[in-house]
Structure formats: C-alpha cells, structure tokens
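In what follows, chain A forms one complex with chain B and a second complex with chain C.
Here is the complex of A and B:
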C-alpha cells in the first residue's frame, strides 16, 4: 500500500521537475507556481506513505537504505517548501524537484519489503535519533544547493559576461540569507542527532561514545559546521567563504551517511 | 568669406579602451586653455567635447590637412598622447561626415547607452564653453545649433529618447541581483555633477530613500541633497560612509582613484563583510578596479555597463534606424546649406554678421538675466534666431534672385564685405 503512495508521490515530483524545466527553458516565471504546487502535493502524498508504512510495519520506517533515502527526500521536499514560503524565492525548485525525484528513484532500487525490525533498533530512540538526524541532513543538503547557486550567481556578477543564472535565481543576499538559515537550523538538528545517538548508544551498546566510524565522521562533520557557525557569527564571514564551508560540510555528510556504511564497517550499519 | 572645412579628431568608447580614454580625458576646467592653444595655432573655430566616453575636438578652418596636424600637435602636447594612439584609437571626420557624426553624438546615437539623454547636455555645455572662450564662429555656431535641432527632432519623432536604459537603471537592476529587494538599502553618491543628479533622480523615482551625497565641494553636495531627498555629508566622511552604505555610485573629476584596496579592506572588516556594490561612472575611474576581486565587493565601471546595455540593444534597433534616417536627411540638407554659402560668399557674410550680432546680444542679455534656466535660454535663442532670419531674408532673396551688380555692390557696402579678406568673418565675430 505505502509503496503505491511512494510511486504517486514520485509522479508528482517528476511532473514538478518537468514544469520547472519547462519554466527554465521557456523563461516563463508563471510556470514556477504549478511546479511548486506539484512538488508540494508530492510531499503530502509522500508523507502519507511514510505514515502508512509506519502503521504497516509497526515501527518508524527509517531502518534501511530504502527507508532512509525515501525519508531523506521527504525531508528535503519539506524543507524546500518551508524555504519557499518564507523567502518567496523562485526557481530553486528547478534543482530541488529533480533532486528529490532522483533520491526517490535511487531508494526504489534498494529492497523495500517490510521486514521485522532487528532487535538492536527496537528502541524509543529510533524515531527521535533518526528523525532529528535526517531533518538536519536534509537542511544541509538544501544549504549545499543554495551554496552552489550562490557561487554560480556570484561568479556571473563578478565576471559580468553572462547573466543566465542571476536573471532567474534569487539575489545573492537572498541566497546568502537562506544559506545562513540552513546553517542555523541544520546545526541544532545535527547536534541533537549526535547527542540522541550517543544516549541511545549508551543504552544499547553500554558506552556513549566508542569512536565507531559513524560517530567519528559525524563528529568531524559537526566540527566543520561548528567552525562555520562561529566564523559566520563572530568573524562576520558571509558569501563565498560560507558557501565553500557549506559545500565541504555537505561532502562530509554524504560520506558519513553513505560512505561509512559501504566503505567502513562499524556498529552503525543496518542494511 | 569662403566655405571652410569642418573636421573632427577624436576617440570614443568604440575605438578606444577605458585606459586610453582616461588619459585623453580633458577636465572641464582645462578646456578653455586647450581651446586657446588651438586658436594660437591659427585655427579660428574649435569646440572640445570631453566626457567619460569620448574626447572630440571639432575645428573649422581653411586647410583640413594642416588643421589635423595642428590639432594633433596641441593634443599630444596637452595630454601627453603618444603618436601611435592617433592611428590606433582615433578617428578623423571631415565636412559632411563630421557634422553627421556630431548629429549622432548630440542625439545620443553614438553613446554607450543608445539614446541616453545626458550627452545632449554635455554637447551643449561643450559648445557653451567654446562660445565663452570665443572659439566658435559662424560655421561651428551653425553646425552645433543644427545638431541641437536634430537631437530635439529625434527625441520627438522616435522613441529612442524614452530610454529606460540609462546608466542609473542598469545600476538599479544590478543592485537587485545582488541585494534582492532594495527597501532600506543605503545609497551613496560621490560627486555632484550632472550624471549624479540624473542618477539620484532615478533612484528617487525607484523609491530608494536612504541617499547620501558627498562631494569635494560640500556646498554642491548640499545643494543637490536639497533638491532631492538626501543627506549631504562632508567628503572627509567617505570612509565612515563606506562602512554603512550598500550601493556607491561615483562620478567625480578626480585624477586618482578615491577608493582603493586598503581603504576598502578596512571598511569591509568594519561592515562585517556585508556586500558593497560600486558603480563607477567616472573617467578616470574613482574606484580601483582591483576592488572587484575582493569578496562581497562588486564593481561595475562604465565599460562594463556598456557591455550590458548592448544586450538590450536589439529591440531598439528599429527606433535607432528611424533616427538614422532623420540624421541622414538633416546632414544632406545641412551640407547643401553650406554649399550655398560657398557659392555666394556675400550671403555667408551677411548671415555671419547677423548671427554674430545676435549671439553678442544674447551673451549680454544672458549675463544680465538672474534666471539661468536653460529652457529660457533655448527659447531666447530660438526667438532671436527667427527674428534675425526674418530680417536678413529679404537681402538674401534679393541677392539670390537678382544678378544686378549694383545690388551686389550696395549690399557689400551695407555689410562691409571685402572679397579677398578671408578673415573678415572672424573680425566680424569679435567686433561685437
């Protein structure tokens, strides 16, 4: 049942992608709205699928690669809707919609049958730790995209030759402000994710911190974002430098999320 | 009087890069001196137009080639122009080509931003400076007045003058790409010249209200600030201002950059790297070009804006074609008119005498007038012109339609015309 909802959501995401691409190609901004409504509908259906799966499986469905990627894409779509409502920014959906679609398609390549929950994950900390961490990660992914956009638009304005992106995407200040919001919202979630994970580890493994690769790499990621946070607030960093830091942070997140699972074996691999 | 050659030697944004234009820029204050030098070389009439985008010397005399040599010499001397610059960057136009070019310039068709209105005022000002330096005579008077007419005709008959693409509008558009919404953004204008005034009026129209004006001469800034809603600040406060404003438009006559890297590094630190956008429309430049490489600092100079304006050009091509047709028509008519002067030197002499009396009287009247409104000056100018034309017309008609030598002789005596004295016109001009 829940899988059909996921396919429906994917349909809306793809329609949204198509409309955004059209709006970009034809240079018609009025198409931005249908694109946005389409991704928003996709989000609602996608959210319903997660709820449905929760009831079908009897546990929070963030326990394997399929569920993780699916939940991640849901969070990205949700955070995008939040950003879009606050900043009234256009066209960032041109990147978010295909990204969300892609992550959903990727997730569907992994086994998605509901299996009984492994004993190690049977805990009240499962929903708390995973939801906090995934919201944090998705915020940083949006931050990464906004940072890339910032660098592209900044380059255009400095080089003064082509204005393809700067004509369509938000102004530098808006991108920088979104970037700042991503950082200041993502960081508490990341911190909370690590703390709850550590508490859970204390209960499950008998030790709050045992330098498991996942723990180590998420700590490294946390330090990078902490430095960024500090530099931004205390040293007045903004613009290009913060964009580079956000990109670095994102690469670390990707590595912590996927790389550690596939490359380094640790206690945190549940596939 | 004999028909004389009219010529131009000059360079503009199409033929020379900013670096060269900066070097050949002649400050308003130095123009009378340059004109005097040209006159000492034996060239009767000359006008110098020097703006950020062009430096042009208009001259009029007997021998075109000789004048070119002389003007080159004076120019090389005045601005230390290298010899090869003349071949690489400068153009020379003569007679019909020359006044066609002037018509293009005055109507803004030769401008970086096609159809921009500022240049019209700049050409008028250049002419005014030359007139008060007494280096304009019959031919350049006629040519420049004709160019004013042509410019006005083009403005009323084509849509080229209704031009949203002034420098200021491009500046605002760029600022939006950096800042997004400009509400509450602070703007600083450095300089109080005509360009600044135009830009300020545009900013105001766009609803930007936090405007600061600074200028080396504080009074000028103060006056400008009174005219629009803005705050004048002393020039010494420039650094302080750089730490608070968001957009800076500079257009001063300073020889050296006012804003350099060191100053800006400090300012950026103080403003916690909040972005700062410079539009430098001054030539020579007011802001060190290296500033554009700094993080969160954006600098557009006059050449960058030119590139931008060209992007918008295509939909204006039609209007500009219309304008070119008008210019062609006027140039041919004007050329014919000058030919007639050539055929009958006495007609030329009569017209020159009448016009020199007229311009002499205008100068006196204008000097007495408390109200220096340019519109009023234009009206007086047009009115006297038509009175003089109407008064002179019967004599000219008589001359043209009557081959009787007695009529010719009477008129010669009446207007004190001597056939062989080629400088007659000059002395006639200065008598008044």
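Here is the complex of A and C:
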C-alpha cells in the first residue's frame, strides 16, 4: 500500500520537475505556481505514504537505506515549501524538484520490503533521533543548493556575460539570507539529532559516546558548522565564504549519512 | 569604563594589553582548536583504535606503525595532544563566555541606532505625531516600554534571547567536564555469563587495564531470546541478580536491549548474546560442567577443552582435551557417541565425557560513568540555549519624536524578514 503512495508522490515530483524545467526553458514565470503545487501535492502524498508504512510496519519507518532516503527526500520537499513561503523565492524549485525526484528514485533501488525490527532499534528514541537528524540534514542540503546557486549567480554577475541564472533566481543578498536561515535552523536540528543519538547510545550500547565512526563523523560535521557560525558572526564572513563552508558541510553530511556505513565499520550499521 | 567597548573580532578587551589573554580569548583560537580537534577525529576514525601490535603491522609498514605509536594515533581520543587541544579549547570557551557575560551585563546604557537608516531599509516608517497612541497600541503589550532619551522611547521584547550564546557555550563546557570525569573515574567493561553463572569482576574494555572489580556479585539467573518467524532475533533479555559476598540477593531485575539495570552506579546493558558449549565430564566419579578453555583442577592432572568439533570423522561430536604430562602439553580426543572413545584414563584419573550441551550466554556491557549527570545537564542546557538563540528574537522598536512627526523603527536579532513584516503591519494605513 505505502509503496503505491510513494510512486504516486514520485509522479507528482516528476510532473513538478517537468513544469519547472518548462518554465526555465520558456522563461515563463507563471508556470512556477503549478510547479510548486505539484511538488506540494507530492509532499502530502509522500507524507501519507510514511504514515501508512508506520501503521503497516508497526514502527517509525526510518530504519534502512530505502526508508532513510525516502524520508530525507520528504524532509527536503517539506523544507523547500517552508522556505518558499517565507522568501517568495520561486525558482529554487527548479533544482529542488529534480533533486527530490532523484532521491526518491535512488531510494527505490534499495530493498523496500518491511522487515522486522532488530532489538537495538526497538526504542522510543528511534523516531526522535531519526526525525530530528533527517530534518537537520535536509535543511543543510537545501542550504547546499542555495550555496551552489550563490556561487553560480555570483560568477555570472562578475563575468557580466550571460544572465541566465541571475535573471531568474533571487539576488545574492537574498540567497545569502536564505543560506543563513538554513544554517541557523539546520544547526539546532543537527545538534538535537546528535544529542538524542548520544542518549540513545547510552541506553543501547552502555556509553553515550564511544567514538563510533558515525558519532565521530557527526561531531566533525557539527564542528564544521560551528566554525561556520563563528566565521560568520564573529569574523564577518559572508556570501562566498559561507557558501563554500556550506558545501563542505554538505559533503560531510553525505559522508556521515552514507559513507560511514559503506566505508567504515561501526556499531551504527542498521541501514 | 573603557572595558565595555570592544573590538568585534573577539579579542578580549577585559584583558587588553596582555597578549597571552588576548590570544586565549580570540575567536581565531577557537576556530583553530576546533579544526584541529576535527582533524584528529578524522585520523582517529580512519586508523583502527586500540588494536594490538600484530594487527597494526598487518596493515601498516613498521615505520608507519612507529609513527602511529609516537603520536598516540592508536588511541587518538585519549592521546596527550588531543587532551591538550580540548583543554585549550575549554579555556578559550570559558574566557570568551565570561567576557561575553560581562559585556552583556554592562550593556545598560544603550545607544539609539540610526533610525533614518533603519526606515530606509524597510524596518520602520515615519508618521504624524497624532498617530503615536495607535502605534503604541499596535506594538502591543508583549513589548516592554522604556524611555531612553528625552525624545525617544524603546519597546523591547525577548531580551533573554541574548543569553542564548552564553547558555550554549556553558553547555559545551558542561559536556566536556562530564566527559573528563567519566574518562578519569569511570570504566567500561564486558561480561559474558551463562544462565546460572555469576561474576564479581569484568574484563575492561580499555586495552592494558586489569579487570574491573564490582564490589558485589552479579548472577544471570535466566536468559531468553525471542525470534521473529523469519528467524531473526526480536528481543533478548537476561534476568539478573545482584548479590553481596554472603550470597544475599540485593537486587533483582530483567535487562533488555535499551533497558539497562543499575546498582551502586554500575550499569549493566544487554549488548549481545551467543551460543557456547557446556561439556559435562565425570572425573574420578564426580560430575563437572565446564565451558571452553575452563580448567578442571580437581583431578590428578588439571585438564581443559581446547577444541570442539561437531563431527569428528563421521563419528559425531567430540572435544579435544589438553593436559600437561610433566612439562609436555598433550592432547586427547573424546567422542561423545563412541562408547570406547568416551572414556580415557589420564595419568591415573578416569575421565568420561558425559554430555555436550549447546547453551546461550548473555553478553553484558558494564559501565560506571560519574560524568553522565554533567553531560546530560549539558545536553539539556544546549537544547535550551539553541532554542533561545535561534528561535527567539531580541526585538527593539524605537519611537522618536520629531517636530511634528514620529519615527518608528526597530532592530531584530533574528528573523529579520518576519520583523519587517511586523513593522509594516504596525505602520499600515497610518498617514
């Protein structure tokens, strides 16, 4: 049941991607609205699929690669909707819609049968820790997209040749403001994700911190974002430098999320 | 007081003139130590931690191994220089926090910002003096009203928001202190028990440290695994008794995965389980149960099981028993299902293998960490600090009188977009 809802959601995401691409190609901004409504509908259906899977499985469905990627894409779509409502920056959807579609397609490449839960994951901390962590990750992923855009737009303006992106996308100062919003929302969620994970580890493994690779790399990521804050607020780094740090942070998030599981051995090998 | 005015670069004006202090309170030092801590962590996650010399030499060259040893990279998170970095970081954080606290508590005599500039940036408007009471009504009672100068009033909200950073920094210090306490006076150990077995000490998880003695005994009275239909484990649990030296039961409880049991600050966690064999021997007429590598001492010659095989040359299960013949180690096979091979006379003792029983054992993680309360307190503070800093906003709205108009303009520390919206709402429709 839940998987059909995921396919339906993916359909809406793909339609949204198509509409956004069309609006970019034809340079028709009025197409942005249907693109947005399509991704928003996709989000609602996708959310329903998670709820359906929760009832089918009997646990919060963020326990393996398929479920994690699916939930991550849901969070990205959700955060995009949130950002768009505040900043009225429409065209970012041109990147978010294909990204969300891509992550859903990626997730469907992994086994998605509902499996019984291993003993270590049978805990109230499962939903708390995973939801907080993935919200944090998705906010930083949107921040990464915004940073990339920032660098592209900045380059265009400097070269003064084509204004393909800078015409359609928000101004540099708006992008920087969104980036800061991503930092200051993502960081509390990332921290809360690490703290709840640590408390859970205290119950499950007998130690709240044992330098497991997952713990270590999440700490490294946390440190990089902490440095980013201090650079920005105390040393006045803006714009380009923030963008570069956000890109570094994104790479660390991807490594902590996926790289650690595939490349380093540790206790956090549920997905 | 000149102390209050400070450079924005985080140099410590409190200690101005003393270069060492200025260095210790600088943000650059924070960034440097944090970067180095992150770099050490990367190394620590890539180089295997706490392995034996042979394991390292099988992965690295001798020179690389010497390098690893020299810099303590085999235990990076407890190496002297990692401690050094953390201590420098903690001092830096502490001094910065004290400094910030002083600055905040001293920031009483506030200056009115350039209101005209705020108006042009969208965070304000100019209206007729007659509208003042309407403006004040629209600002609402959530803001605290205060007179700053003859002509200017300020409306403030969320002053506490400014303490967010201090709370976060203090919480990081709390976590570090808790971690240090745990490292110094805590332990982590591992214990494997079969049902019916007890222990009063456990093998330390820290390499090279001797066994950890509890000061009481812990006994596993029962162990259960429940399985899913697919054969995957669903849940496993051990029934545990805590006993004093006379064998009186002090505490009883069941530990499951995610549900530890504690006694006198020592926590027992269900971390794993496994199956091991129990071998029942009759030695000189007495029955003894032993596990792998356990020694039977009440025969004329002590012996132990060194190997188990499920099927020895199609004769069924058997064990290889080792004993000392003078200075020479000897081994002997006992086959459970072959009458002739079940019994042997070893140096005058008659030994019979009666039974081989597969049995579960429970793997318990044992730890004591007096630093946990400080760490938990730090965690809670950190969440409160993050909320205060990132989700509440310190807002000031100034109302300044001109000759026949008033300027209404404000500053928000957070969510400037939302603030500008609110300012627009306040000024809406006013001439």
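In this text, the second predicted complex is superposed on the first by the 270 of 271 C-alpha atoms of A that agree within 3 Å, B and C clash if a C-alpha of one lies under 4 Å from a C-alpha of the other, contacts with A are read in each partner's own complex, and residues count from 1 in each chain.
To be clear about the criterion, contacts are C-beta pairs under 8 Å (C-beta built on N, C-alpha and C of every residue); 3 or more make two chains touch, one makes a residue touch a chain.
Note that the structure is a prediction, hence the values are computed from the model and not measured.
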Note to self: Which partner chains sit in contact with A:120 here, chain B, chain C, both or neither? Use first/second/both/neither.
What the structure shows: second
Notebook entry, point to check: Which holds for A:111: it touches chain B only (first), chain C only (second), both, or neither?
Noted result: neither
Margin query: For A:86 in the superposed arrangement: first (chain B), second (chain C), both or neither?
Written below: second
Checklist line | Partner chain in contact with A:160 - chain B first, chain C second, else both or neither | finding: first
Check: For A:170, is the partner it touches chain B (first), chain C (second), both, or none of the two (neither)?
Finding: first
Margin query: If we overlay the two complexes on their shared chain A, which of chain B and chain C does A:188 touch? Say first, second, both or neither.
Written below: second
Note to self: On the A-aligned overlay, A:204 touches which partner chain: chain B = first, chain C = second, or both, or neither?
What the structure shows: second
Check: Who does A:236 touch here: chain B (first), chain C (second), both, or neither?
Finding: both
Margin query: Touch test for A:223: chain B only (first), chain C only (second), both, or neither?
Written below: second
Note to self: In the superposed model, which partner reaches more residues of chain A, chain B or chain C?
What the structure shows: C
Note to self: With the touch criterion stated at the top, can you tell me which chain A residues are shared between the chain B interface and the chain C interface?
What the structure shows: 236
Note to self: Could you list, by residue number, the parts of chain A that touch chain C in their complex?
What the structure shows: 86-87, 115-120, 122-123, 125, 177, 184-185, 187-188, 191-192, 195, 198-200, 202-211, 213, 216-217, 219-220, 223-224, 226-227, 230-231, 234-236, 264
Item checked: chain B residues touching chain A - in the complex, by the definition given at the top -> 174, 176-180, 269, 272-275, 292, 295-296, 298, 300, 304, 307-308
Margin query: With touch defined as at the start, can you tell me which chain C residues reach chain A in the complex?
Written below: 8-10, 27-28, 30-31, 34-35, 37-38, 41-42, 44-46, 49, 77, 179, 188, 228, 230, 232-236, 256-260, 267, 269, 271, 365-367, 369, 372, 375-376, 379, 382-383, 386-387, 390-391, 414, 416-418
Checklist line | Footprint of chain B on chain A - complex, ascending | finding: 153, 157-158, 160-161, 163, 166-167, 170-174, 236-241
